[in-house]
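In what follows, a structure is listed as C-alpha cells, so that the remarks can point back to it.
Order as written gives the chain letters A, B, C, D, E and F; numbering starts at 1 within each chain.
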Amino acid sequence: MELTLAIAIGVLTGSGVWLVLRPRTYQLVIGLSLLAYAVNLFIFSMGRLRVGAAPVLGPGGAGDPAALADPVPQALVLTAIVIGFATTALLLVVLLVARGLTRNDHVDGREPN
Amino acid sequence: MNRLLPYPLLTAALLLMWLLLTSFSTGQFLVGTAVAIGASRAMAALHPSKPRLRRWQLLPKLLGIVTLDILRSNIAVASIIIRGDRRDRVAGFVAIPLDLRDKTALAVLACIVTSTPGTAWVEYAPESGVLLLHVLDLADEAEWIAVIKNRYEALLMDIFE
Amino acid sequence: MDWTRHLLIVPILLPLITGAALLLIDELRHTLKAFLSIASGVLLLVTAIALMRLADGVVDGGGALSSSYALANWPAPFAIVLVLDRLSALMLALVSTLAVAALVFSTARWDRAGPHFHTLFQFMLMGLGGAFLTGDLFNLFVFFEVTLAASYGLLLHGSGAFRVRAGLHYIAINLAASLLFLIGVSLIYGTAGTLNMADLAVRLPGLSAEDRALLHTGAAILGIAFLVKAGMWPLCFWLPSAYMAAAAPVAAIFVVLTKVGTYVLLRLSLLLFAPEAGATAGFGGTVLLWGGMATILFATSGVLSSQALGRLAGFSVLISSGTLLAAVGIGNTAVVSGALFYLVSSSLSVAAFFLLIELVERTREPAADVLSVTMEAYGDETDEREEHEDQEVGVTVPGALAILSVSFGCVALLLAGLPPLSGFIAKFAMLTGLLNPDGLGSVAEISGRIWLLVAVVILSGLATLVAMMRSGVRIFWAPLEELVPRVVMVEVAPIVALLALCAVLAVWGGPMLSYTEAAARSLHAPSSYIQSVLGTGHPPGGAR
Amino acid sequence: MTAAILLWSVTAAQAMLVAAMGCYAYRVIRGPRAQDRVLCLDAMYVTAMLLVLTIGIRSGSAIYFEAALIIAVLGFVSSIALAKFLMRGEVIE
Amino acid sequence: MTHAENLPAWASLLTAFLVLLGSGLTLLGAIGTLRFRRFFERVHAPTLGTSWGTGAIALASIVCFSALGSRPVVHELLIGVFMIVTTPVTLMLLARAALYRDRTEGNREAPPRSLLRRTHGG
Amino acid sequence: MELSPLLLILILPFVASLAVVLSPGASREPVTWITGLTLLACLIVTLSLYPSVSGGDALRLQIDWIPSLGLNFTLRMDGFAWIFAALVSGIGLLVVMYARYYMSADDPVRRFYLFFLAFTGSMLGVVLSGNLVLLVVFWELTSIFSFLLIGYWQQSQAARDGARMAMTVTGMGGLALLGGVLIVGHIVGSYDLDDALRSGNLIRSHSLYVPALLLILLGTLTKSAQFPFHFWLPNAMAAPTPVSAFLHSATMVKAGVFLMARLWPVLSGTPEWFMILGIAGMTSFVLGAYLAMFQNDLKGLLAYSTISHLGLITLLLSLGSPLAAGAAIFHMLNHATFKASLFMAAGIIDHETGTRDMRRISGLFRYMPITGTLAMVACAAMAGVPLLNGFLSKEMFFAEAVETHADSWLDTAAPYAAVLGSALAVTYSLRLIHSIFLGTPPESFPREPHEPPFWMRFPVMFLVVACLVVGIMPAQTIGPFLHVAVSSVLGGAAPEYSLALWHGFNLPLAMSIVALVAGVLLYRVAGDYLERSERPPLFGRIQGQRIFERVMVAISWRWAHLFEGAFGTNRLQPQMRLLVAVAVAAGAVPLLASGLSFGPLGNGPTDFAFTGLWSVGMICAVAAAYQAKFHRLAALALLGGTGLVTCLTFVWLSAPDLAATQLVVEIVTTVLILLGLRWLPKRSLDVPEPGGWRPRLRRFRDLAIAVVAGLGMTAISYAVMTRTPPDSIAKFFVEKAYSEGGGLNVVNVILVDFRGFDTLGEITVLAVVALTVFALLRRFRPAPDSIERPEQQRIQRSNDEAEPDTEVGATKAEYLYVPSVIMQWMFPVVIVLAAYLFLRGHDAPGGGFAAGVAMAAGFILQYMAAGTVWVEDRLRILPVAWIGGGLLLAAFTGAASMLLGDSFLTSYFRYLELPIVGKVPLASATLFDLGVFGVVVGATVLMLIAIAHQSIRRLRAARLEEERQRWN
C-alpha cells in the first residue's frame, strides 16, 4: 500500500512537472493541479498510512492516539487544498485575461520565433 | 403561514432529510426545522413553478412500480451486456407524444425513464409535448409508447394534475 | 492583565480587520477607505516601533530578548506561537514604514485603478506581519500564501497586457515554489514530528542520521522555496519584469517581499543549522554565498543593460537580494548586523525609487501614459464611475522637477552605496564586517571568497552608479522637450520622506547599527529564542 | 465464518468497483467523443461513491458517509457543467 | 474488520450478497460502456450502477449498520434518492448534446427533429 | 557642544548652500554674496587657526558617529591641511569674484553656487578629515558635486558626456579607495588617520600592502587625472570656466595628490610605490606636455598642462625622499596659483572673443593689454621661467630627478624626462602666448574684444602677483607656511631645504636652461605646424577618451546585455525547468551525502483494490498530461478522474474530512475551469509542431526532469512512510481534542481551535484571491476570436431560425426545460447539506469549509439551470459582503477571547442543559467556523460568478472590438 501510494505520488509529480514545462497556459493549469494532488498526497503520507483509523474520537472522547491516524497532516492537507483551490482559480483567470490581452495562449504571451 | 412556510411539503421533506442525517431527537428536530424552513425560504426566493400534489397517496404505488421495473430492466440490460452485442437486438429512438404538462411531473417521469436501464430521455419538445426516447432493446415501438403512457404518465397525471 | 502581551497579534489582526471592514464600505467612498487604510498603516507603524522598543528594551542574560505569544492559549510546541525578537520587530517597522509611504502615494490615483486596492494592501500587510512573527513552519506557509495571494492581486492591480503577462509568470513560479514549501514542511514534520521552529531546533540533535538526512532534504527543498522568493540566481528571472510591471506603490511594498525570503533563511538557518549542525549547515552557507554572488553579478549585468527605469529598479532589488543572501551565507555576527542595516536602507531606497519612477516616467511621456491606460479601460458600466485612471494626475508644481531630480540623485547614491546617505554606511558596515569578523583590530585570516564578495559588492555599486547616471542624465539633463512634472503633494511627500529616512539612518547610523548588532547577536544565540517559546528547560542542542 | 465471508465479499466488491472505474477511465481516455468522456466521468463518480460505501461497511464506521452523500448530492454538478459545455459551449449563460 | 464479528450471521450474509450484487451490476454497466458501439447505447450502461448498483450497496450499508447498532440506520436511503434524482439531469443533457451534434454533423442515424412535431396521438 | 572652528570651516559651505537653495527670487546678487562671504569666512577662520598648527601640532575634533565600526566624524588640521584649506577657500573666493562677472544672466546661478558651495565644503572635508572613511565620504562627495558642476550646462552634449566620464572615472577610483581604506583599516585596526599615520611600518610589511596600495593609488591617480586615467580631464573642460579654474587648479585634481602626500609617510618608500607612481607620474608629465602642445582649444591646452604638472607632482612623490615630497607640496601650491589665473584668463578671452579656438584668435594683446600681461606672466610661471614660483619648484624637481633613489631604469630616465617635459612645457606656454596675444589680429572676432571689468580681472591679477612675489622672495613669503605643511606631512622630520631663487650654478639650473632653450627652439621650428595640426602626430589616434567610451559601451552595455541574456531568461519554461531541476538537486544533495534508507515498517499489506485504484488514477494522470495540449476537455475529465481517485484514497486511508473537502473542491474546480474554457478558443491543430531534433531533445530533457522529479518524490515519500513515526505533536491534539477542545473530530478541532490561526490565514488567502479574480475580470477583454457566441450556440440559433415552428432560443429553453426543474429542487437540499456539514464538523467530517463550498455549488447550480440574469433577478448574493462579514466574524470571535485575558483565538465551549432539548454543546469555535463558512461561500461564488458574468459582458466587448477594428 505504501509502495502503491509512493509510486502514485511519483507518477502524479512526473505528469505535473511535464505539463508545467509545456508552453501552453492550459497545460500549466492542469500541470499545477496534478502537482497539487501529488503534494497533498505527499503531505498526507507524512502521517503514515492507516486504514480504518480516522482521527474521529468515539463518544465521550474515547480514542487512543496510537490507534488513530495522525490528524496533523490531515489538517495541513485541508489548508493546502483550500489554498490550492484558490490559486488554481487565480491562475485560470490570469491566463484567461492574458489570453484576452495578448491574443495568445503561450505562457510567455507570444509565440517563440 | 404561507410567508413562513412557502412550501410545507418541501419543508417537511427537508426536515425528514435532516433527521435521517442526524438523529431523531428533540434537539435535532428543532435545529432541523430551522434549517428546513431556512432552506425552503431560500427556495421560495427562486419562485419556481409550484407543483400541486393532488393525490400524493398514489406515490407509494408509483414507487413500487418503478422499483420493480428498474429491477427488471437491470436484469434485462445486464443480460444484454453479458450476452454481448447481438445482431438481433435493435436499439433506436421512439417519439412519444405526452399529455403530461406539469414540469415537476415531467421531471419525475424523466427520473423514472432515465433511472430505468434501457431507456434514455433524449429530447422533449415543450410546445408539442413529444418526448424522444432512446431504447436499448427496441423490439416493439408501440409497446414502449404504451408502457410510458399507461404505466407512468397516467399515474403521474393522477398525482399531479 | 498584561496588555502589552497582545501587542504581538496587532500586526496581524489590525490589517485583517481593516481589510475586511473596507470590504463592507461602498466602493465609491474612496476617501474614507483611503483614510482608514492609512490610519491602519500608521497604527501599525506605531505598534512596530513599540515592539522594537519592547524587543530592544528588556534584556535577559544572553543579551538578547524575545518574547512569544501562544495562540489560542495552548502550550507552546503544540500551539502556533508568535515570537518577537529584534529582527522581527525591525522587519515589521520596515514594512509599516513602506506601507504608509506607499499608501499615501497610492491615494493620488492608484487606489482607484481597480477595486479593493486597500483591502488587498491590508491583507498583504497582514501576511507580512504573520510571516515575520510566526514561530511555526506551517503557519509560516500560510502567511506566505496570504502575502503572495495579496501580491498577486496587487501586481495585477490596474490590469494591462504587460502586467498580466508578468503576473502570469510571477504566479506560476510562486505557485510552484509554494508546492516546494509544502513538500519541505511536511517532510520535516514527517521526520521530526513537529512544526514549531523552536521545538524543531530542540529535536534536531536527537534524530538518527538517516532521519536527519531526510529532514535535511526537506529543509533544502524548503530553502529553494525561500530562495525563489528571495530572488537568488538562477531562480530570480521572474522578478525584474514583475516588479517593473507592478504599479508604483505596489512595487514599493513588493521590495519587502524578497526580504521575507531572506528573513526566513536567516532565521531558520541560524536557529536550526547553527554552526554545531555540521556539514549541512556549511553546505547551505556555501550555496547562499555563491548564489548570492551570482545573483549580484547577474543583477549587475541587468542593471547595466536596462533601458527602462522600472527594470533597472527591479534588478536593483536583485542586487540587494544577492548581497543579503551572500551576507547570510557568510553568517557571522558582524556581517549579519551590517546586512540588516543594508536590508533596511536598500528597502527604503528601492521603494523610494519605484515611487519616483512613476513620477519621472509621467514627466517624460504624459500623453503615452494616459493613452495606454485608456486602452485598457474596457469593462462594464461600473468601471467608469470609479476608475479615473485616465484622469490626468497632479498639477505642475514649481520646483517639482528639482525635487524629482534631487530625489533621483539620492536614490542613485543610495543604490550605488555612495556617501553620504545610508547606502554607504550599509555597505561600509558589511564590508568592515567581512574584513573584520571579530571587530576592528582583531586578527583574522580573510579567505579568497570573502575578497571576492568584497569585490563583487563594490563593483556592483560602481555598475549601479554607471547605470543610474546614464538614466539620470538622459532623463533630467537631456530632455527632448520641456519637462512638465505633473505631480501632487501626496506623491512627492512619501518619496522625500523615505529618502529623508535614509539620511536620518546615515546620521544616526550608530544607534541603528547597535540595534542590528544586538539583533544579529541574538540570532546567533538561538537559546534565548528557544527558551522564550518553550520555556526554560530546553537547552539548545539537547534532546529531550 | 460469516465475518470472513463478509470480508471477502466486500473485498471482491471493491475489486469489482475498481475494475468498473478502470473501464470508465478507459472511456474517459479513449472517448471517442466528448460525450463519452463526460458520461463515463459521471459514472466514475457514482462508482466512487459506491466504493466509499463499501469502505464504510468494511470499517464499520459511519464517518465516511458524508463523502458518499456529497457525491450523491453534488456529484452531478460538475457533470452538468461538462454536459452543458458540450451542448452550449458555455456553462452559465 | 473486527466489527464484522459482532454482526449476526444473517446480516453478514445479506450484506455480503447485496454488496456483491451492487458491485457486480456496476461492473457490468462499466463493461457495457466498453462493449456498446454507439454512444446512445452506451448511455444505458452506467444506469445499472446508478440504479440497482447503488440501491444494493446502500441497502447493504443499511443492513450492516442497523445490525451493528441494533437500531435502524437508514440515512443511506438518501443516497439512493439523490442518485435517482440527479443522475437523469446529466444523462438528459448529454443525450441532448450528442443528438444535436449528430444532427449538425448530418449523421444519418440521428432522428430528425421533425419526429418531435406532434403527428399522431393527442 | 561648542562650535569648533574646524567644524565651522567644514559646515559653513554646506549651510550656505542650503541658504542658497532657500534664498528667494531669481536674482544673482544675493547668492553671489552669500557664496563669496562664506568662502571669505572660511578663509578667515582658517587663517586664524595658523597659530594653532604652526607649532607642528594638529587640531582635532571627534564626534562619535558609528564607533562600533571605527567610523567617527573626526576632523584634523595640521599644517598641510591648513595650507590646503587656505588654498581651497582662498582660490574659491577669487573664483566666486570672477564668476560674478562670468556667468551669464541666462544661467541658473543659484544652482551654480549651490553646487559650488557644496563642492567646496566636500573638498574642505577631504582636507580636514581625520578618519579615513570620513575622507572617503568627502572624496566621493567631491566627485558627485564636480559631476554636477561639470554638467552644469546640461543642455550641451559635451557637458553631459564630460560630467559622466569624470564621475565614472573618479567614482570608480573612489570605490577603489574605499577598498584600500578598508584594507588599511583591517591592517591597522582603526580607520583613524593618526593611527594609520603611526602604522607605516606595519602597513608596509603586511601581506595586504600591495592590494591596499593599488586600490588607494587607483583612487588618487584617477582623481588627479594621471596616466592612464588622464582622459577624463580634458573632457571636463565643458564646464563653465570658473568651475575649471577651481576644480583643476586647487581642488578636485589636487585631492589625489593631496591624499598621496597625506599617506606618503605610510605608503611610500617601497618599490611598488616607486614604480607605480614613477611610471604614472613620468608618463603624465611628458605625455601631458606633449599633448598640450597640440591643443587648439585654449582650455584643452590648460587641461593637458594640468595633467602634466600633476604628473610632475606625482613623480616627485614617487621618489620617496622627504625633499622630493616637500617639493611636491610646494608645486601643488604653485600650480594652483598659476593654473587658476590662467584658467580665469582663458575664460576672459573666451568671454570677450566668443571663442577658445587658438587658431581663430591672435594679436589680442592690443585689445586687452592688462589681461594679456597677466596671462603672459602666468604662462611664464607655468613654463618655469625664473623669478616666478613655477621656476622654484621646478628647480627642486630637477634636483631630485638627478638623485638616485631606487636604483632602476626609472631613476636613469627621470632627469631626461624632466628636461623633456619642461622643454615641452616651455613650448606650449610659448604657443599660448604667441598664438593668442601676439601676431596680427584676425579680420574679425566673433565679438569685438576689450578689457573685462576690473573685478573680473582682479582675481587673475591677485594670483599673478602671488606668483611673482613667491617667485622672487620665496623664503620670506611662502617659506614658513610651506615649512609647517611639509613638516606636518613628514611627521616633524622636515628636510633641510632652502627656498631661494639662486642656488648657484648647478646641474638643475643647467637643466632649466637646456629646457628653456630647447622649448623656445622647438616652438621656433614647429610653431606653425602646431598651429595647423588637427591632432598630435604621435598618440593622436590613441585617444584615452575614445578607448574609455568604447570599453564602457562594451562592458556596461553590450557585454552586460550578453551576460544577462546568457545567464537569464524572460521565458517561463526555462524558469520552471530551472526551478524543478534546482529543487531536485537540493533535495538530492543531503540524501546523496548520507544515503537514502527505507524504514523498518516496509510495504504494508497489499490491497489489490487499492493498487488497482491507483492504476486507474495514474493512467488518468498520465493521460491528462498527454491530452492537455489539444483536448482540453478530455484533460479536464481525466484530471477529474485523478482527483476522484485522490478523494477515494483519503477515504481509504482514514481521512474522511479530506475526502469530503477534496470532493466539493473537485466539483467546483471542474465548473470553474469549464467556465474558463469558454474563453479559450479551440486550439487549432494545424499549428505545426516544431520539428527537428532540437525540440525533440528539449522534450526529452523535460521528460527526463519529470521522471527524475517523480522518482525523487516516490523515494522520499516511501522512505518516510516506511519509518516508525516520530513522537509527534499529534498525540497532544488527540488527547485534548475532546476534553479541552470540545470536539470529537480531531481534524476539525485542529482547524478551528488548535491551529485556528492557520485557518484564519487560509480564508484570507481565499478572500484575497477572490477579490483579485473579481478585479481582474472587471477589466477582462476577451480575445477577438472568443468574443463571438460559442460555435454550438451559433449553430443552434441558425437551426432555430431555419426551423419553421421554432423561435430563436427555443433550443436553449427546451433542452433545460426538464433538467432545470430538478436542478432547482436540489437547491434547498444543498442548503440542508451545507448546514449539515457545517454543524457536524466539530464531531464528524465536515466543517465550515466543506459546507461553504457545498453552499456555493448550490448557487452555481442555479446559475447553470437558469442563467445569470434569471438568478440575479431573484437572489442577491453580495459575495463581497459575505467575505468581509465572514472575515470580521472570524477575527472578532478570535479577538473576543482577548477581552477575557486569554490569547487571540482561544476557544470556549460548554454544554448547556436546556429543557426538553437536553444537553446542547456550545463552542465559540463554531462562530469562528461560521466566519470560515461565510468567507468560503462569498469567495467561491464571487470567483465563479465573476467569470460567468463575462458571457453577459461579451456583447459589450464585441461592440468595442468592432469599433476598434473600424478605427485601425
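Simple rule for what comes next: contacts are C-beta pairs under 8 Å (C-beta built on N, C-alpha and C of every residue); 3 or more make two chains touch, one makes a residue touch a chain.
Predicted model only: the values in this text are computed from it and were never measured.
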Given the touch definition stated above, what is the smallest step count connecting subunit B to subunit C? 2
Shortest hop count from subunit A to subunit B along touching chains? 2
Which chain has its C-alpha centre farthest away from the C-alpha centre of subunit C? B
At the largest C-alpha centroid distance from subunit E we find chain F
Between E-F and A-D, which chain pair is linked by more C-beta pairs in contact? E-F
Report the most central chain, judged by the distance from each chain's C-alpha mean to the global C-alpha mean. C
Find the geometric centre of each of subunit C and subunit E from their Cα atoms only, then give the gap between the two centres in Å, rounded to an integer. 57
With centres defined as the mean C-alpha position, give me the subunit B-subunit F separation in Å. 73
Centre-to-centre distance between subunit F and subunit A (centres being mean Cα positions), rounded to whole Å: 40
How many angstrom between the C-alpha centroids of subunit C and subunit A? 28
By the touch rule stated above, which residues of subunit E touch at least two different other chains? 1, 29, 31, 43, 45, 50, 75, 78, 82, 85-89, 91-93, 96-97, 100, 117
Name the residues of subunit C that each touch 2 or more other chains. 138, 142, 145, 149, 152, 156, 159, 164, 168-169, 172, 176, 183, 187, 189-190, 195
Residues of subunit D touching at least two other chains: 14, 17, 19, 21-22, 38, 58-60, 63-64, 69, 73, 75, 80, 84, 86-87
Touching pairs - complete list by chain label: A-C, A-D, A-F, B-E, B-F, C-F, D-E, D-F, E-F
Residues on subunit B engaged by subunit F in the complex (per definition of touch): 10, 14, 17-18, 21-22, 25-27, 30-31, 35-36, 38-40, 42-43, 45-49, 103-104, 106-107, 110-111, 121, 123-127
Within the complex, subunit F is touched by subunit E residues 82, 85-86, 88-89, 92-93, 96-97, 100, 103-104, 113, 117
Along subunit F, where are the residues that touch subunit D in the complex? 608-609, 612-613, 615-616, 619-620, 623, 627, 633-634, 636-638, 640-641, 644-645, 647-648, 651-652, 656, 659-660, 663-664, 666-668, 670-671, 674-675, 677-678, 789-793, 796, 812, 815, 819, 823, 826, 829-830, 833, 837, 840, 844-846, 850, 854, 857, 860-861, 863-864, 867-868, 944, 948, 951
Footprint of subunit B on subunit F - complex, ascending: 805, 813-815, 817-819, 821-822, 824-825, 827-829, 831-832, 835-836, 839-840, 862, 871, 874-875, 914, 916-918, 920
Considering only the defined contacts, which subunit D positions touch subunit E in the complex? 1-3, 5-10, 12-14, 16-17, 19-24, 26-27, 33, 35-36, 38-40, 42-43, 46-47, 49-50, 53-54, 56-60, 62, 65, 68-69, 72-73, 75-76, 79-80, 83-84, 86-87
